[in-house]
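You will see chain A twice below: alongside chain B first, and alongside chain C after that.
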Partner chain A sequence: MSMIFGVPLAVLSGQLLIGVINGAFYALLSLGLAVIFGLLKIINFAHGAMYMLGAMVTVIMFDVMGVNYWVALFMAPLLVGAVGVLIEYFLLRRIAGQDHIYSLLLTFGIALLMQGVLTNIYGVSGMRYSMPDLFKGGINLGFMFLPYYRAWVIGIALVVCFGTWFMIEKTKLGAYLRAGTEDAQLMQGFGINVPLLISLTYGFGVALAAFAGVLAAPIYSVTPVMGSHILITVFAVVVIGGMGSIGGAIITGILMGVVEGLTKTFYPPASSAVIFLVMVVVLMFRPAGLFGKEA
Partner chain B sequence: MSQSFDSTAIHQAILEQQKADGRKKMLLNAVLVLLLVAAPFVLYPVFLMKILCFALFAVAFNLLFGFTGLLSFGHAAFLATGGYTTGYLLTNLSWLSTELGIMAGTGVATLLGLAFALLSIRRQGIYFAMVTLALAQLVFFFFVQSEFTGGEDGMHGIPRGHLLGMIDLSNNFNMYYFVLAVFLGCYLLVQRIVSSPYGQVLKSIKQNEPRAVSLGYNVNRYKVLAFVISAALAGLAGSMKSVVFQLASLNDAHWHMSGEVILMTLVGGMGTLLGPVVGATFVVNVEYHLSQGALRDWVDPILGGIFILVVLAFRSGFVGELQKFFKKNLG
Partner chain C sequence: MTMMKKLLTSAVASAMMATGAQAAISNDTVKIGYLADMSGTYRDLAGPNGLKAMEMAIADFGGEVNGAKIEVVSADDRNSADVASSTVRRWVENENVDLVAGLVASSVSIAVSDILEENDRLGIVSGSAASSITNEHCTPNHIHYVYDTYPLANGTASAVVKEGGKTWFILTADYAFGHALEGDVTRVVEANGGEIIGTLRHPFPTPDFSSFILQAQASGADVVALANAGADTTNAINTASEFGLTQSGQTLAALLLFLNDVKALGVEAAQGIQLTTGWYWDMNDETRAWSDRFMEETGARPTMIHAGVYSSTMQYLKAVEATGSDDAQTVRKQMMNTPINDMFTKNGVIREDGRMVHDMYLAEVKTPAESKNEWDLYKILRTIPAEEAYRPLSESKCPLVNK
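Here is the complex of A and B:
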């Protein structure tokens, strides 16, 4: 058995794989936060709750109506995205002119409410969701065993991340979004329906979170509180990367997942804290974040 | 336009008005203090102490949020650090008198506050909230994994001990008046800070930070000091709370607690002196009464709903709305 720094290669690569997967989730979530932040200038504290909602909807649709994974992969983000559009239209819009702190607090209240209601109905013990048969089993790469589902998560997360990046940086819709980030009023003057764009942006960002939730359903334990924990970690990731660039959010997310995986291999007790420690170091030496533009 | 104003007369009138307002405020405060002194004869002292501890926590938070405009999402860290430190010391050092244990807890929370402040001050606005939340989570992990906190079980049986080695604090009345005295002292301190020149600079930072910078103020130093004072008072609240309940638990360190203190401040009226006290009283009562009734499982979602309502329709809070009302109808 080959060893690296006193750790069997299979263990190391296994942890690295888990790290990359966690990183894919961090990337998807921080990407959604960055998209929302760009146009609405708010941090969506309900993002974790939307991720949770995506996973819960997947499980509930399967239990109640037998909706399979592939349908859920489209349905859950659509449903949650629609919830997001409603939240933006009926709640966030009403305080759009106020200090951004209020919209942040509003989304926090929404998160508390959603998490609380679902906890009452479904409890905090995890709900089971079996993965589609197609993904059962895995492939032996010689130095490690790669479960098919994990490979799929990494692959599809990268595709979605890249697709979002492409849409924002290279398409006309993306150009509108970026222009809105610069000067929403001017764009309104050019005849673009900015309020609609804002609603859709919030819905899209939230749908990304729900998509991550669907991917998470077969491998993580699905509970109403699954969102709050990962959200705080994602906040640290966002502080590390800075929200200046879409690409930066993706790279930082995956990088932090890997760092977490490595820590789990070499010094397990620090694994839950390591991302926050990285954040402290980044704040000390590069306060704007690795990819940040603001001073 | 040949009309001229007698400026001294106007000035005089304003001063008179201020004096009258000051007298009214003094009268109101005196009545409130008398009520607080009499309260334990009518209501259960431990419940009152819970309210006072959370009121102090909210007053501390409000100094930073309401007056300086910095939204910390990590104040639970100071509450818990104060509580655990005091609890640990009082449990393990039997010779330590209670006030020293509380001072030590406050001291450690103050140092932690300094560390938080120096790091989080490097980012602004929304990032500030995220950084404080993440730092508080780090502190939470530390408490979860440390042996001395008792992990998920919490730290039980903290002795209340004697104040100055003489007054027996296991008597609820003695304990209550001690907590009340500390609370009133801190309240007066915050009142003094807010009305001092230093407090005026804090308010100006909240209203227009670039302007404060352009006037030559070293804004970051003002912010750090405000953060440290706020953390110290929050730590003091946590220290007293652990003595009152003889318990320090992970609940105090959880992000949920950081959210709760925001809600207290917001409901009562951010940026007002009395607001956080009213808000803490309200939230503690809501939680208590809900937990006694048929809705006991619905405390969290109801708090979330209150959060949403307050932000949408009631941003000045109880005290703020009352002030507006009086200004409109009596001013």
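Here is the complex of A and C:
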């Protein structure tokens, strides 16, 4: 068998594929963060909590009402998105235009509150969520066993990521959005309801996080603290990609999944740090990030 | 002359203080500090319900000891040795806490025991796993009660090797506890004629195990052992089942699993997993009766840690009652001289290194057909006698042990 740095090629191919799968999660999450920061200039520290909420809502809806995976795939983001709209309307709006640190602290506080309350009710051992029957099992690719569900995660995540990018960068609605955040007064002069647009954007951003949460429910331990670990990593991904760059967030997300996957093969203890290492290097040479525009 | 007088008075005064400390309860209060992870990864195995177990013990004891009242304070250590150290320093230096109990993360227990030794107060470790707590880190001021990594390796690893799992691949949580467990497992596997063909140290915590499971599969080892705990273990088990690890003929051995972990996994995913435990709620009438009371209080079945906190608090209070003192050395000596016979264990003994040695159990997770309700999770396969389970004193590195 051919070897690369002492690792069989077959193992390496498997690790690359796993990297892309994890990257799909990073892409979905950093995309939501990038949308919220790019359009509203809010540093959303509640993003991890929204991801957690998406997963928790999926499990709770199933336990209480028997709502299945496919319905949850729409319902959970919708519900969490609605929570996001309420947060924007009642809280974030009041500090619009203030220094970034205010939105950071507010959203961080919201995240801690949600995490604390849910921990008190559900504990931290993790809640069970069965894989939908359709996805049970997997396919042997020769170099690895690929569970069907992981394949589905790559597919659907890419579709959603591309759809979001297309909507914001290529459609009229996206143009309104971008213009509204650039010069709100002028847009309102044209008869566009900018405050509504902003609420919906925040709602949409956190709905993306919730969507990632639903995708995560069948494969990761669903606990109230699941979002706090991933949040910092995802922030690093957004910084590497360039704060606010939509396309950059998607590409960097997948790229970082692969980088992390390779580190897990060659030197596992460093795998939780490697993304931050990349961040340091990128900031040294391109302070605006890989895909950001220099200010 | 005045000099002489001063010296004499202080000598008399200190002599009186010394006898006073031995023969009386300081401040007429026995004050217990409960320190544990109350909100993080290790919350459910000890946490707030452990505090409940302690309060149950105090209530069962009658709420006071020899006329002195029993007071409880508690704090969240957030699994941080720093947070734990500053809390315990405040407790023993300013708030007259006599006993610190709970103690979950091994790093926390090691840091806290040093402070207790400095101030000569007592600590009872119920939650931690590292066997080094009563080995190279032993002090005359703490007791390690429920279990440690030595019997975990002895119980589970030796059973799996004897069933034919000769080549091992170990996934280790990359911190003190994981390293201790990896070391103990390696020793047991090799002593039984097995071989470690690979180890992989993963960051703590790791949310996604797919990459590591893939490497474990590629290793071709008979046994994939998990030297980690809590969410890391449940995540790894779930991922292993998703990637068909056991279907391809490999055995999965989880070295530290708590009841709450198994409940979170569910019997469907966890069935057949063998594990070592210090106690199980459904072993006999005594354990069941206590567990029913615990469940009424908390809504959950107790883990071995919860039962250990109840039992050790009871032992401590009995020792205070018998000696009429809350002095750390007096009480510890009394506890060492009293075999433990209660709902937690029979003939448990606290050794001079602080290790409470008692029978351990090799258990297997029931199948969905065998499990009658959501807490009906284990069947006990074998009792591991105390002397076989724990590190013998002859191998101890603890300076308190006279060899």
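Here are some notes:
Criterion: the second predicted complex is superposed on the first by the 286 of 295 C-alpha atoms of A that agree within 3 Å, B and C clash if a C-alpha of one lies under 4 Å from a C-alpha of the other, contacts with A are read in each partner's own complex, and residues count from 1 in each chain.
Methods note: contacts are C-beta pairs under 8 Å (C-beta built on N, C-alpha and C of every residue); 3 or more make two chains touch, one makes a residue touch a chain.
These figures come from a predicted structure and were not determined experimentally.
Look at chain A after the overlay: chain B and chain C clash there.
Contacts of A:Ile230 after superposition on the shared chain: chain C is touched, whereas chain B is not.
Legend: residue contacts after superposition of the two complexes on their common chain; A:Met279 is shown touching chain B, with no touch to chain C. In the superposed model, A:Pro132 lies in contact with neither chain B nor chain C. In the superposition on chain A, contact of A:Pro269 is made with both chain B and chain C. Of the two partner chains placed by the overlay, neither chain B nor chain C lies in contact with A:Gly174. Of the two partner chains placed by superposition, chain B and chain C are both touched by A:Thr119.
When the two structures are aligned on the shared chain, A:Leu104 is found in touch with chain B, with no touch to chain C. Only one of the chain B stretches 149-157, 185-193 or 221-229 carries C-alpha atoms that clash with chain C in the superposed arrangement, namely 149-157. Judged by the document's definition of touching, chain A residues 116, 119, 269, 272-273 lie at the interface with chain B and also at the interface with chain C. Note for the complex: chain C touches chain A at residues 39-41, 43-44, 174, 200-203, 205-208, 210-212, 214-215, 217-218, 231, 234-235, 238-239, 242-244, 248, 260-261, 263-266, 268-269.
Interface of chain A with chain B (complex): residues 37, 41-43, 91, 94-95, 98, 100-102, 104-106, 108-117, 119-120, 228, 232-233, 235-236, 238-239, 269, 272-273, 276-277, 279-280, 283-284, 287.
The touching residues of chain A, when paired with chain C in their complex, are 8, 10-11, 14-15, 18-19, 21-22, 116, 119, 123-128, 130-131, 138, 144-145, 147, 149-150, 219-221, 223, 225-226, 229-230, 261, 264-265, 268-269, 271-273.
Those residues of chain B lying in contact with chain A across their complex are 71, 119-120, 122-123, 125-127, 129-131, 133-135, 137-138, 141-142, 145, 255, 259, 262, 266, 297-308, 311-312, 315.
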